[in-house]
Every structure is written in C-alpha cells, then in structure tokens.
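For clarity, chains are labelled A, B, C and D in written order, and residue numbers in each chain start from 1.
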Amino acid sequence: MRYAYLGPAGTFTEAALLGVEGAREAERRPVSSVPVALAAVRAGEVDAAMVPIENSVEGGVTATLDAVATGSELRIVREALVPVSFVLVAAPGTTLADVRTVSTHSHAWAQVRGWMDGHLPGADYVPASSTAAAALSLLPGAAAEPGFEAAVCSPVVVEQHPELEVLAEDIGDNRAAVTRFVLVARPDAPLPPRTGADRTTLVIPLWEDRAGALMEILEQFATRGVNLSRIESRPTGNFLGEYFFSVDVDGHLHDARVADALMGLRRVCPSTRFLGSYPRADHKLATVARHHSDGAFREAAAWVAALQGRGAHRPGAAGAGPA
Amino acid sequence: MRYAYLGPAGTFTEAALLGVEGAREAERRPVSSVPVALAAVRAGEVDAAMVPIENSVEGGVTATLDAVATGSELRIVREALVPVSFVLVAAPGTTLADVRTVSTHSHAWAQVRGWMDGHLPGADYVPASSTAAAALSLLPGAAAEPGFEAAVCSPVVVEQHPELEVLAEDIGDNRAAVTRFVLVARPDAPLPPRTGADRTTLVIPLWEDRAGALMEILEQFATRGVNLSRIESRPTGNFLGEYFFSVDVDGHLHDARVADALMGLRRVCPSTRFLGSYPRADHKLATVARHHSDGAFREAAAWVAALQGRGAHRPGAAGAGPA
Amino acid sequence: MRYAYLGPAGTFTEAALLGVEGAREAERRPVSSVPVALAAVRAGEVDAAMVPIENSVEGGVTATLDAVATGSELRIVREALVPVSFVLVAAPGTTLADVRTVSTHSHAWAQVRGWMDGHLPGADYVPASSTAAAALSLLPGAAAEPGFEAAVCSPVVVEQHPELEVLAEDIGDNRAAVTRFVLVARPDAPLPPRTGADRTTLVIPLWEDRAGALMEILEQFATRGVNLSRIESRPTGNFLGEYFFSVDVDGHLHDARVADALMGLRRVCPSTRFLGSYPRADHKLATVARHHSDGAFREAAAWVAALQGRGAHRPGAAGAGPA
Amino acid sequence: MRYAYLGPAGTFTEAALLGVEGAREAERRPVSSVPVALAAVRAGEVDAAMVPIENSVEGGVTATLDAVATGSELRIVREALVPVSFVLVAAPGTTLADVRTVSTHSHAWAQVRGWMDGHLPGADYVPASSTAAAALSLLPGAAAEPGFEAAVCSPVVVEQHPELEVLAEDIGDNRAAVTRFVLVARPDAPLPPRTGADRTTLVIPLWEDRAGALMEILEQFATRGVNLSRIESRPTGNFLGEYFFSVDVDGHLHDARVADALMGLRRVCPSTRFLGSYPRADHKLATVARHHSDGAFREAAAWVAALQGRGAHRPGAAGAGPA
C-alpha cells in the first residue's frame, strides 16, 4: 500500500496515518497540501490519503471539505481521532526568556493564544505553512535564518528530532481538543462492512430559498430516524449565498434507514454525493427506534409488495385497521 | 355478477349501481343498511356492494367509513358520483296545500330545509329509514296509514312509480350537491389498473398526542408529493379522543410515490389499512412534480443499488456534487 | 337564566343540563333540534343552550359542529360528560316476547345493535326523532298507535315516567360510552376564568392542497406545544373536498402559548373562528414544557422589546451566545 | 469617530472602511487581527471596527464569526461588499521571469492558484499574515530580506505605493469574487432604521440531536416567512459535534415577522444572540407574503386582544368561519 498525507513528517496527520494497521511498513508520502494529497489518490499514484477534516476548536478543515466535494469522486474508508497537544520548541540552548517571535500554522496559533498571553505576552507571530515546518527550521543546520526563536508543534516532531529544545509542553488552551482525520481512497475501494457503529458522509448542494430547502433536506433524515452528527455549510465559490452542505450521519449505506434517506435525498437533490460509510473511531453504536429498524423497512416493503401482487400474502401482513 | 346496494329500489345508491356496466342485467339485491351490504360481500353472498361514502353537504357517511375500517378486509374497486336532486311527492290527487307533515331520511331533510322554510313553513317532519321508503308508503295500496301527506325522495323513485304525484322538483338547497358512492369487493378482487387519474383510500389509526402524530402521518404524504383529497377523523368507539383517519390520496398503488408513502406509513403506523386504488370518477389527472415521478424513484433506487454494489454503475448515476 | 336544550324532556341532553348549577330552578325549554336551540340563543330568547357535540361511539354530532361553525358567532362556556346508558322500555304489561318492532333515534340504535342481535334477532327498526320521543309514544294515552312495541331510551325517561315497563337495562354495546355536551351562549358571555385544566374550541377552514395546508395549521400548534385533543373534518357543503376543521386544544385563551398559536392561525387562515375557552369536565391539567410556559413567552417578549428599545434592559435579558 | 480595521493599510478591509461616509476624515487604526479589532471596540478605544465576515470563495471568516459569537455583546451596524481583485507585485525592476517564490495571505493564495498554475507553475509559496504585509516587504528599504520575489495583494496597495512593480493584474481565478465586511459597534449603538432592504444577524447555539433541533430552529423562521440568506455552522470549541449557527435573515428587528421569529427562537433556544439589523449593501428588498406582513401580525394581535377583552371589538375582527 502507498499512502499520501499532509506533511511534513511529524504532523498530527502522520500520527493519524501511523494508527492504520500496516501503515508503518507501507510507503508514506508527505505532501504539501490537501488538494495535492487527493490529486495523488485520483491519479492512482497512491492508494489512499490521510487528511484532516474537522477540529474540535477550529471547525471543519475547509480545504478538505471543498476538495472531496468537487472533482472526480472519492471514498472515505476510515476515520481517526487524534488528541491535539502542543509543545513549544526552540533551537538547542534557547530559553523562554530568549523568545521574541514564535512561528506555527495559523490554526495552531489560534489554539495556544491563551498560553501565549499568559507566558509570552509580547511575542510576535510569524505564520508558517505547517506546525512541523516551523519547528524543523529551528534545527541546527536548517537552510536559512528562520526569523523567529520558537515554534509551536506536535510532540511527534520532538520524538523524531530529540535535539530540539522543549520550552513548554501541553500549551493548548483546550485540553480536550481533538482533530478528526479521514482516509480517502478511490470510489472502487471496497465499502467497509457494517459494524453497527458507522458513519456516512455526504455532500448536499443547497439551492435557492434556504430555510425551506434546508428543511426539506433535513426531513429526509428526520422521517427515517437518521441522526446528523455533523453539518457544515460551505460556499460553492460561485457567488455569496450559494452553499453546499457537508454532513455526517449515524449509520451505514447498508442500514435500510440510511439507504432509504439517500433515495429521498437523491430525488429532491439529484447532485447529492455519497462520500462513504465507515466505522466510527469511537465505536459508539447508533440508537435506532423499532420503526426505523431494518426489520420495519423489510416488513413494510413486503406488505406493499403483497398488496401489489408481487409477493406472497403472509399471516399478519395485512393492515389490521383500528383495533 | 351479484350486487348488493343500500335499498330500497329507487334510492340514489341504486342509481349509482346502474351506472356500472353490466349491472342492469346483473342480480341486484337491495339491503337495509350499509353493514348488511358489506356483510353480504364478506360472506360471499354477493360479489360487490354499492354504498355511499361521502356527501358534499352532509359529509362522510359514517356507517360506511366505520364498516370498511374494521372487520375482515375489503377493497374499493370503483367510485361513482351522483348529483343529488330532490322531489316532493304525494299520493295521487294531493296538492301542496294539503301537506301538513313530510317524511324522508334525516340527511335528505337537512338538504331541503331552506325550501321547506320558504314553501311549507308549518310542516312537521317524520323521520324515515330511507328516502325511497318514505315515498313508497304514499303509493295507493300501501300497507298502513303513513302518518304524513308528502315525502322527499330521488327522481329515480318517480321514474319507477309514475303514479306518484310530483308536488315540486329540484327542491334541494344546494343545486351542486353530489354524493359519492363506492363499489366494495373482497380483497382478492383484481386491483383496477392504473389510469393516471386514480384514487387510493386508506384507514390510518391515530395514537396519542394528536398534533405530533398527525403531522408525522401527513409528512409521509407531503415528502413524496402525494396530495390528500379527503381526510376525515372517526372515533374508534373505544373512548373519547381515540381516532382513526379515513383518507383518500391522489394516485395508485402502482405509482412509486404512493407505494413509497405506504411503506413509510406502515412503519410509523403498522395497522394502516389499504382499502384500494381505483379510477377517479371525474377522470382528473394527478399532477406530479418531476422529483416525485416514477422515473425519479427508479433513478434514486438504481443509484443507491449501485453504491451498495447491487447494480451496474451507469453513466450519470454518480452524484455530481456542487457544480 | 333561561336555557334551551335538545328535547324532549328525558334525553341525555337534559341530564347534562341538570348538572349545571342553578339549572334545576331555571327555565328549561326543550326544542326539536340543535339548529333550533342555537337559533334561540342567537335571537336572545334564551341565555344558553345545551347541545351534544361528540359521542365516544358515534363521533362528532354534525348538526352541532356545523351550526356553531357558521352564522353569527357563539361561545362555548362549559362542557359536560354524560355516560351513555340505554334501557328498553314498553307499555305497561308488555313482555320481551311481545316485541316485534323497536323504535329509537338512529344513533342510539347503532349503539345497541349487539344486544338486539343477541336478544331480539328478528325485531324490525323504526327510526324516531329522539330517544325520548320514541319512549313517550308508548305511554298509556299517547295520541296515536305507535307502530312499535318497545323503545330504546335513557334511564332519565324512566325516572320521569315510572309507569313505563322496563324490559332490559344497560343494553349499550359499549359500557364506557360517553357523550360530551357543550353549553353555548352568545359571544358577549363572560369568558370562563382560566383553571389550568381548560379546553379551547376552534373552527378552521381548510383551503386547497390538503396535506400542505393542514400541516401548516398543525405547525401553529406544534411549535407552541399546544396539544390537540380533538380534530374533525366537516364539509363546507359547497363542493366535495372543501372542508373545515373543528378542533379542541388543551389550554385557555389566557395561556400565552394558546394566544400565540391563535395569532399564527389568524395570519395563515384569517377566517379561523374562536368558539371559547372553558374548564375541562374531567379536570385534567395540561402538561406544558418550560419553553412553552407563560414565563417563557413573557421573557422572550421582554427580550425583543429591550432589543427594540421599547423596554428596560434587565440583567440576563441579553443573549449569552454559545457558552 | 474612531475606527479600527484589519490592517495594515492597503487591505480590502481598509477599502471597505473608506466606503463609510466620514471615514476618510476619521481616525482609522489598523490592527493585526479580528479579535484585536473587536477588543478595541469592547474596550471603548474605538467606536467601531470594520472586519471581513464572508468571502464568496473561501466562505465564512471564522475568526470574525467566533469573535462576535462570544464575549460581551456587539452590534453590526453596517455591511459593505468589496469585489475581490488581485494583482501580482514585486520590487521595482523585477520581471515575471525573476519570480521563484510568491508570498501572500493563505486565503488570497487559494484564490489565485489557477493563475499561478498557468503562469508560474514552479513557484514556491510563503505564507504571510496579510496580503498587504507581503507586498509592503517588497518595497525598497523594507526592514529585512523578504525571502520571496513577488506578492499577491489588493490594487489598493498599488495606489498607495506606486513604486511597486505590477507584474500582472486581475489574477483572481473567480472574477465575480466578493468579500463582505461588517462594521461592528457596541450594543448601545443606535439601531439602524428599517429600510425595507435589511438584514439581521443572529448566533444560535445548537443542542443535542442535530436533525430535530436544527429543524425546530428553522421552523421558527419558516412559519413566519423569514428567509435565511446565510447559515454557517461553527464548533463551540468544547468538543466535536457541538455547534452554534451563525445566520443572516432577510428583514429588520422592527419587522413584525422578524420580531416574532426572535421571540420563538428565544423560547426554544434561550441563549440566541442578536447581532444587529442593518441595511443590505445590495439594497435588495425583501419579498413578504401578505400573511407575514406587519399588517397581518397587527390584525392577528388585535383579534386575540379583542377575544381576551383587552382591546376594542372592531368590525371584521371576528372570525368569519367557513364561508
């Protein structure tokens, strides 16, 4: 297997990839951006790419949401949750008192502002293209003068580069912060089997009249008892006020209630895109009311088929009427 | 063919039955009540029964609504609309000035009150078990003294008994009044073929919390674009506030949107009863939005089947995503 | 006080009226029909009329539902529940074996059919304008030969006329049967005070497209947590498929959630008619979620008023935003 | 008046601010981030701050959405739309062939990727904290060696610094791109008067069970005919799957339908936050159905008040019932 991931080595994304069985032994290609990673999947250069999709502090990763929503189809085949923990690193011999300027990715900066205000209130900020890139440029022998004395990065970078000086650990403002990653493959990848604790990801364009149209979409889920665990709006980029929705629902394409909701969605919104069904990383089982169970769908289909003369009449299949 | 109908001969119900091709030559059995007519169908003594179900002035015929909702299953296979027109008849030689007391069925009486207030303001009313029965007891040679001088009945009675004196014609308060009849057979009767202008009749029990539960039922129709042309609540007879709904929807069991709505209903309300799909007497075609058409349901099912690996991938079957 | 009621004396309706404090001493005028009773109220000839509105077996009393829905406005100021119990009576000296023909009101006949099939299987039925009228014509010295040997009526008739022979008691098929009556006054009658266990009755015309329009009406209740305890459709009489709905909701005009729902209804359906708020006969308290309570409505109105600069800013009135 | 804006001078944000009457003569303070700008408003150091809220390509500006949603209350008092147009600039004497590395803000970079792929396919990218900052570091005499040969910025920068070499103009991939800015003040700022073409911005926390809760929120708008022109979900930052929604609706706090929807929202979601009503920059008038008009709300309130005995009975105020 060959994997791409949002690099460089040492990012939280690599940590997520290393959790996939066999990934440690597989080819792992760090790339510079989410679109590049997904382009490598589409071109067949790698089998799958690990990319971040959602962060509990910063929200959806828009580059990922947009890249999977357009272009040739892709399939999410796995998700991973990685706790977000930040360390402040510097070149060997540096102390906290030496730090005037700090660099990191802007998302990471947003998550350590509280610590910075408390411990380095006067520090300037220099944006970097990734947390790891900022840290690596502090290594002895790095190409150029970095223009900053410290960097905020993942502990993984320190594991790989123990020569870095760790000035402070666990400096994130929110200790429960977590990033969710997805492993994205081509649409001919095998559909992961149903486990009972599954998630299905969809892209649903929204057309004019927002309140009514969005309600019509949500009704497709609500009338089948399909719960939404994530909903995010994204601009299509065409003009202000034109959106698509990126949603996760509880359940699997092979759950009757999910399949039925997809049929309803497909009718009212023909360009709905299916991005995959896959096991939840937290193994949380879906709760399903009896009348939304596979059995209830099967029984209802058999009843209608019998009425239409397509199936065998079975005892109890006929409507009892009011008792 | 053998038919039962709500008698005696000369009622509007017989008029409705005579409109069925072949009925003039068939055995026609007048019976004393709707339950008796339907019992004859259930027992196999007749092949079908013509009974009134709805009147544009008086509303639903509760005896019919209740009799088809409970007991062994039945199927409506045809409907008929009969304009309601009333005449005032008397024994030969009677004049309007002779009339002190008038008899007819209470439903008919309600529909001629305006005329009576204008032309016979002091007349007393005597209830009768049917419009025809009242009229026939005025015929020369009738068994007993009737206790009234005039009767309100259908013009059909006069056609069959020209010796009756017609004191006034077309005395109904609402000239557009019409009664709808249904021809009821056993559930093994062939399902009438789809014409594009069809009606489907259902019985739907309603359980606790009315506003929410009724909305859940209506949503099953609304989300599939199935229009309701009639909805009536009836008590189950068990206790105050326990209802079932008798509804007509536009469309046929073989329309995908109707079949899909029935599956949804069956899940949320397992004792829903199907009472038949049959051509509308007014031949009014149903209007169906593109996304509720058979083609849209077929395409959506094929899309989901392809995603599930159950069908062939077809060009255009995949979700396009936001353009 | 002067009261009208659906007579003659001895009906269940008089029993309901006698339950009103002061009614035993008041003038009580039996009249021949519900429209006549309500006409007497409208004309100011009586102060109020007691009429049946709903029966647990037979359903809505259509004469009442229609008479209060049209014409000049009326107000329901009280309700009463009367258990329905039937006795079979005859002229003195008659025995069950003598009975060939039985008379009663058609609604009562429907409720004793099971007993009749078991005890008098061959008996003929003669309709009567009321249960009491049938019974009274069996009294010694009644004007004419009745044409039947027995009558089905309320036990009240026997109390008032002990000379009647009681052939059987408690012959109703459904022992839990109950009829609900309402006391109807003119719209200037004082609004009964709120008790916490109140009912509000409304008439709501329904316009074209039934599923959607009915849902829009129900939403007005559902979004304010107002429960429906009765909903009945009635034809307007104009043409098939044109309805109005007669509904009861839990709560009082002075409950904020009810008043707010009425405002919403009035906008989407301007000819909605208010028929009164009055205490429930069963004293069942309404269950109201915190966010539908009077306090929640008051707080929300104060918040908006403060935003608009119409009210005082109060501590905690401002939106806290996501915590 | 004193204004803060997302600086430095020369950004699209300053262009938006310069469109406010009087702003050219007012004190204009460029600040380094949206949170800093809003903190200056909250602290009373400036009267208002101009910040970007939405971009037709990149979507919501999360820093702004989050900063106005929490902390002490703020009010949006004006919006501005600025077409997004990009130029590629360099130090004097530079040519396109000299460019190896390009710097700009990451949002701007995302919007010129197509042009770069076509004209500078091998160029490296260096992130900058703003488009203007990147450009200004190319000016002769800038503090340090910039580490890149060209920058992507707004044409405003070139107006202010004509010595910059313009290598290419109008290089944005989407010529219709536009950014929406809002002018944010303290909550005691006067509410802008209603114009008929207004927008209202709200923050609505979403609690458990997404599909149902989101539908309950949307219903508050839909049942009053209030259209949503923008809806965005944002994480609260507490844990994955906990959101708030940032929405814009058509209409003004002084429109009855908007005020009524706010009351409904406040009840079902007490921590809803009102962020202001202000004229739309595009002057597009709201379309309002008759039954959602101020007149309809006024009439409905008067009707209920009259029923409650709080207002004068007026001709036509009473429900007409079914005609």
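To be clear about the criterion, a contact is a pair of C-beta atoms (placed from the backbone, for glycine too) under 8 Å apart; a residue touches a chain by one contact, two chains touch by 3 or more.
Computed from a prediction, not measured in an experiment: that's the story for all the values here.
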{"item": "Each chain counted as touching subunit A and subunit D at once", "value": "none"}
{"item": "Separation of mean Cα positions, subunit B and subunit A [Å, integer]", "value": "56"}
{"item": "Separation of mean Cα positions, subunit D and subunit B [Å, integer]", "value": "58"}
{"item": "Multi-partner residues of subunit D (each touching 2 or more other chains)", "value": "219, 238"}
{"item": "Which pairs of chains touch, using the document's own definition", "value": "A-B, A-D, B-C, C-D"}
{"item": "Residues of subunit D defined as touching subunit C within the complex", "value": "69-71, 73, 187, 191, 203, 205, 216, 219-220, 223, 236, 238, 244, 253-254, 259, 262-264, 266-268, 270-274, 291-292, 296-297, 299-301, 303-304, 307-309, 318-323"}
{"item": "Footprint of subunit C on subunit B - complex, ascending", "value": "54-59, 62-63, 81, 106, 110, 125-129, 144, 147, 174, 176, 178, 180, 209-212, 214-215, 218-219, 221-222, 226-235, 237-241, 243"}
